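First subunit A sits with subunit B, and in the next complex the same chain sits with subunit C.
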Partner chain A sequence: MIEGDAATSAPAGARTSTDVFATPERRVEGHGKVTGAADFAADIKRDGMLHVAFVGSPYPHALVRRVDVSGARTAPGVRAVLAGADVRPARFGRRLQDWPVLAWDRVRFIGDRVAAVAADTLEHAEAAAALVDVEYEEQPAIFDAEAALADGAPVLHPDAADYAVVARRGEQVKRSPVPHPNLQGHEVHEHGDVAGGFAKAARIFEHTFRVPPVHQAYIEPRAALVWIEGDVTHVVSTNKAPFSLREQMAQTLDLPAESIVVHTPHVGGDFGGKGLSLDEHALVFLARATKQPVRSLLRYADELQISNTRHGAVIHLRTGIDRDGRITAHESRVIFDGGAYAAGKPVNSLMPGDAMLTLAGYHVPAARVEASAVYTNHLPAGHDRAPGQPQNSFAAESHIDLIARELGIDPLDFRERNAIRAGQIDIHGDQWHASEVPRVLATLRREAKWDAPLASSHPSSAQGRGRGVALGVRHVGRGKTSMELTLGPDGSVEVKTGAPDQGGGAHTMIQRVVARELDLGPERVRIEQLDTATSPVDPGVGGSRVTPVHGNAALDGARKIKAALAEGRAAPITVTGTAEQQQHMYGAYAYAIEVELDRETGAFKITDATLVADVGTVINPVAVRGQLEGGFAFGLGQAAMEELVIDDGRVVTANLGDYKIPTIGDVPKLRLVLITDAPGPGPFGAKSVGELANAAITGAVANAVANAGARVYSLPITAEKVFAELHQGHSPA
Partner chain B sequence: MNGFTYHEPTTWPAAQDLIAREPDATMLAGGTAFTLLLRQGLIRPTTVVSLRRISGANRILADSHGGLWIGAMATHSTVVRSPEVRRNWPEFADAAATVATLRIRNQATIGGSVAHADPASDVPVMLAALDAQVIVRKPNAAPRVPIDQLFIDTFTTSLAPGEFIESIQIAGRGPNTRAVYLKYTPRSVDDYATVSVAARAEVEEGRLRAPRIFLGAVGGRPMRAMSVEAALGDGTEARAFADAAALVRSDIDPIDDVRGSAEYKREMARVFVERALRTLVA
Partner chain C sequence: MSEHIIRFTVNGVRREQHVAAQRRLIDVLRDDCGLTGTKEGCSVGICGACSVLVDGEVISSCLLPATYADGTTITTIEGLARGGELTPLQDAFITEGGFQCGICTPGQLITATALLAAHPRPTDTQIDEWMTSNLCRCTGYHGIRRAIHKAAVT
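Now for the complex of A and B:
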């Protein structure tokens, strides 16, 4: 079933006209946010709370020879000043703990912290921080990820063997060996007969693409508050995965996890970035030193200069095509600029999650994929909405388009010809048991009126027109969680979960799943978010996991209540809903974009945009639409304007006036078409949408602009790059 | 952020007295630029004199010759909506409407924009093309300064300590006067210009006389396109515009930044000067 309007149409599988899913949702937290009653981390205060300022390195790479804090210690209002020697050997990170809480022997990017001050006011803390005297010895810096892998390149982490790896579900994990000391993570995948595939190809195409680092640009900067009561360390954080932060801090601080309690209040946007916490670790040392609560708020300028960005990347792709226009073999090499620390990456590979996905949604009979994340003296990179996909999708979808046009095949025909079908294998060598990719592309052809002629422009006119398409797939999240559900005597239900809602609508989704299963009005289901001391263990928000994992746990709990009632038990009934979702499944989507290009300036505007998305059953119709339209706008920023410009290690775009993200005036109308009748592994057949649609928009825009006259091989596709292409006479067919 | 003493005088003489006593005081108009500079630690004022409560300082008046008198504290939004501006110089209202977002336009003032002298701002460039006069308050005098002489360099005006802008005057137009402001923002509609062009001229039967052309974001101040103006001469027809516009490259001094390379800005200056000239005669 295909809908034109997610907010008003009934999703597939709706049983009755009174189905709770058919009604646009009211957000559980909406009233509090709209009235200002909702607390974010920065709203939470404690009596006697001290304020913190940090001292950051002015050099991208240097040895720390001496840190003199004596002037700062005696400054007015100061309660504690700590340097690296006071925290050594504490390092933090989500998986690999390679980031010193305060650097004691070496700084590796501009802003890397060497000292921290706690004082009565922020003004006092900042004034004292300016008095910390640090002697550095500059070292050669690495700003190019490929250069970092050269023989004889300076080794940025000579002590890597000492770094801890955060245990996973209590089990110690060992870091995989890497072939070069400046590698954070490195993997090679191979399947099929790659050499044979290239040998039988009629044509082989090879291209290189570049993607810059970008920032998640959530509205709420990081904030943290730490206080110690007896043996218990309390942490208020903007972290979206409180239990993971507890594990990481336990490792960093050498404390039992149970002695740390993490409270995450409302989170003002995440987009992958809020999984990494920076200040919390230093705050613990300062709280110990002062015996007072200590808090820090990151300025937005610091968000842009020291927090974990999306990885910049260089992507080399090579693909063989047979006489029928079908892929015979694919080879790729992806080099991610990981920056100074791998701490922002939560996965064992120590690369962005989809580092290896250099063709997404295609049948790939043979492939060799090599990906690396590399240490440089840039600010650390981490996770950002569909990690690895925006980089690879831009490259792959541009590459596919270049191939199609070179072969004289319509780019949508070429994608349909190579789209993965049930029984075929993908880039990872995995067989798909079902595929919505062909249907998504066929739907796009119809809804975007792909076969209608493009309003042509006169060759001498200043305006050019072009149309582009791009395909994307995104896994439905996996993982396990549990939550507690209580049916009260009044027939209402209370759900206690450890999962924060970072704005995606997790709590509302849980509410509606329980309401539907128990045939209650949603307002009869209350959601309470617990801290890590009182909640069952929870993986937090991320990895496209919440709807399929938390949704299934909510459903399991509701079913247990139903079963208890059927057995004749009376309220109150308390059950634990659990779920483990390990099914490998993908959601598919595709964009068609039309642009109008001003040939005199290189500026372009999107005149038509269609997104077809395979989303499964819709639980929160407003949020589904919001996530997809938001993903479109998010990706559009990276397509056309976003770039964290770094010059000799210094972030130039250090404010949101220079680092532009789209405003509503920049976002064109999107024709959104949902495919809802291909069920996913989530509750009632739901899939994930939060990271579904933001990657492929970059390729669709690049392909439309190429069709209008200028192929750009790097993001963002700026007017200046288009202008340069047009006036160098590179006019692709 | 450090504390500072804050004053809100309610009359111009009271403001002048305060300034005389506190010569290092920072004048505060709408505060949009002030707040950014303060937050970034680029200014550390000890005394701030806000002009927001001075009665009548935000008024906009039209004179009987079609001229405008714009109080320094008039916001961009006030200008955009003003019936007087809409009637006499709608092109100036259009230029003010290109500034940032509605929230900023509701707060940022015309006088503040001129005094701040950010070469990438919109209103100063348009006022320069319209040959506006700045009424300056100083002890025992209220001189009129041609706005083009007020701008010295980036964030620098000819105003001495203790002097401030009271109002800005734009003379009335002739029956054949045309004006236009073009702002090129290829990244986002909410951005500073990569290049902007303000132009006015007398136009009769498709011919252009007495052109006055200024560009924004391509030098330390609104940059006058002297070579273009000279090449256009009197009575130029549209077919000569492209050649004249190409001369703008030598009239400007752009830098490489996130809004474009200097070379690209020179190219865009050419394109938008030509477009501005064509718009004038259209």
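Now for the complex of A and C:
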């Protein structure tokens, strides 16, 4: 275990004499990124490239009666104008393809596109887009997910039966039936004797929490460039999963996947959002119509208005506790606002990935969990870093804290008492074979000096102090991939992968795994990222999968090279490294936060923050630290600042000035403590860290503020809500 | 729309461009000069991804009409390293984790370069003041702060 300076860590189970991992990494793409040479999608051009503007609906829900593009077609510089009728029946989506490329009969949120223009310049395209004349017939809109499920609620997708589901690696998946037509996804899980568990509880606690939509707020807006050469459609995209985009586009456009080539350059931040591509599909139609390359750069205002946000949610939790302060049964009902389309969700459940994880990291002998993602006339919701977790974690960690304080048990003691241990079962009814949760909590107690009295403020002072704790777990990702490794005659290795790097450090991780296994200096291992035509199939980056899956494929390739050398083969040696990581395992982490709260204004600031994270072997010390620090800041924004404010379907936080994310002065110091000696399923015992820090910070902040005097049941925890809680005894939702 | 001829020096190279009155400096740099290292994020002067030095001052090039740059000397991210050699600040961004995805990095480096020119050993407060107009969603800013401190003592 190490504290603070992650760079000095000695990894567990070092096997080679050269300890590659102990030396802080220099990113393979570092030079390009600090000199401006690294290309992002918006930096790539083609000769004769046209520029694109879209026409979006001004109504949250309407029937499209007529689209007149004649005025736009004859406008200066215009090469093509397309409306819904020109693309029908093309719909897109990561799993369920329910989002029309251009709407032909119905628009379902403000900004839903009905027409697209390609012109010589962006100015010409935008001027022509303004000339497209659309006649709408407004329909009743639904802005409340619970209301959407009422009997007789307007049905937003009457044609749902026609929607395609994207096959996964050629495997057809059927959409699960849903009990209400406005449901995107719905699941119920039950294990153990729930009624019996509640019957034997000494106390039963019930709370409801609300979480608003937020944006991933990567700094790079989406960009796309499409051109067609013969039978081949080329796509430059900000999408972080190029092969998945290829599959989705093949389905949408009814083309063989091999005829689409996706090139993903550097991705300027993802956080779950960049798995969905918006413009690429329409660009293909425009490129066909104009026989020229076409490009679209999404404006940031459109990112906030029409892209796939984190789901807003209402979360009802009910938990029974016995006389010893142990959980006997748990029941939860989570309703996610899925917005107009389910297209942003890549998983079969059509809900955020961890929709059902309402009580993470605890022993739950009996549970009933029901989660739904619901169609509304809000902009579509999609995946956001540890999807489902920021919402559920905020609710559960607040709920656990409320229970502990009500029972008069120290909140950290209460968590330790209920922490899942090896052999016990979790909220999903799964048995854990190992658990670092108790150790993470014990470490937090020590490192955060939890048992030392909080410097209390003078009773008459306007300053309140509070301390809060929250626990989180995140799965170590699963999946499979392969990559090609070539040992050259000079002893260096080249690795060809289809995985992009959205900033997590995937390529550097691959480099260092190969270097360590082959006992080479990392600079002797070169990583080349190929497009979808030339690379082995790859699932892309996300799902906390890169280190355990791609890392193991890199290790497998390196071992094959070793074996070939042992057989006496001479360079060049080319092998395919493959890995399939199916081991189900969690990484655990916990925060302790101290706040100082101004009772007169409700404003608070974090005065101390500790994060203990169970990360396994550290391959990239700089990146591990960066992911955790970055996750902390990301989660802090969502805890205390961020809300995509939507008023009657219109996003009013319309730019990055209104939608505020943390700046450098908003992010306090963080005491970072890593547990590195509990091995994970990744190469050399690595786990994953990309989504290990951002969820539980919300609950930790809520609990610290509650300890200082104001319990807030909704995110973000703003001064306004704290003030209302302190002075009116309740907080506005 | 009126057309103007503007003359400026960018990264040591003198240039002359015809520009429309409303054309933004970022478009001139990225599209006309091919200097795509300068990035566009928010387009409204908030994120700092488009930061460049105009006569030594940090400017959001998404807000500045290119005509205002007439007669100035501009430094973009491409102009920081001399003869292929990284500045200590650029190197510190690599070793200290000053970037992840890298989209904000050109802007961060431009502003931090100006900061170090004004305050060779900046305090945390000075770093907060100068860097507050450069958003980063990936790093949580800790790595950026470490990099600036490291470059300051180099």
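The rule is short, and it goes like this: the second predicted complex is superposed on the first by the 719 of 733 C-alpha atoms of A that agree within 3 Å, B and C clash if a C-alpha of one lies under 4 Å from a C-alpha of the other, contacts with A are read in each partner's own complex, and residues count from 1 in each chain.
Simple rule for what comes next: a residue touches a chain if its C-beta (ideal position, glycine included) is under 8 Å from a C-beta of that chain, and two chains touch if they have at least 3 such contacts.
Because the structure is predicted, anything quoted here is derived from the model rather than measured.
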Query raised in the report: Thinking of the overlay built on chain A, is A:504 touched by subunit B (first), by subunit C (second), by both, or by neither?
Result: second
Report task. Applying the touch criterion given at the start, work out whether A:655 contacts subunit B, subunit C, both or neither, answering first, second, both or neither. Result -> both
Query raised in the report: When both complexes are superposed, which of subunit B and subunit C contacts more residues belonging to subunit A?
Result: C
Query raised in the report: Touching A:219 in the superposition: subunit B (first), subunit C (second), both, neither?
Result: second
Requested in this report: Have a look at where A:603 lands relative to subunit B and subunit C in the superposition and call it first, second, both or neither.
Outcome: first
Requested in this report: Have a look at where A:665 lands relative to subunit B and subunit C in the superposition and call it first, second, both or neither.
Outcome: both
Query raised in the report: After superposition on the shared chain, which partner residues are touched by A:104: those of subunit B (first), subunit C (second), both, or neither?
Result: neither
Requested in this report: Look at A:27 in the shared chain and tell me whether it touches subunit B only, subunit C only, both, or neither; answer first, second, both or neither.
Outcome: second
**Report entry** Footprint overlap on subunit A, where subunit B in one structure and subunit C in the other make contact
**Finding:** 299, 301, 655, 657, 661-663, 665
Query raised in the report: In their shared complex, at which residues does subunit A touch subunit C?
Result: 24, 26-27, 29-40, 42-43, 216-221, 266-271, 297, 299-301, 502-505, 622-623, 625-627, 629-634, 655-657, 661-665, 667, 670
Report summary line: Seen from subunit B, its contact residues with subunit A in the complex are 1-3, 36, 39-40, 101, 184, 186-192, 194, 258, 260-261, 264, 267-268, 271
Report summary line: Given the complex, residues on subunit C that touch subunit A span 30, 35-47, 49, 76-78, 80-81, 86, 90-91, 93-106, 109, 127-128, 131-145
Query raised in the report: Which bits of subunit A are touching subunit B when the two form their complex?
Result: 122-123, 299, 301, 600-603, 640-641, 643, 645, 652-653, 655, 657-658, 660-663, 665-666, 718-720, 723
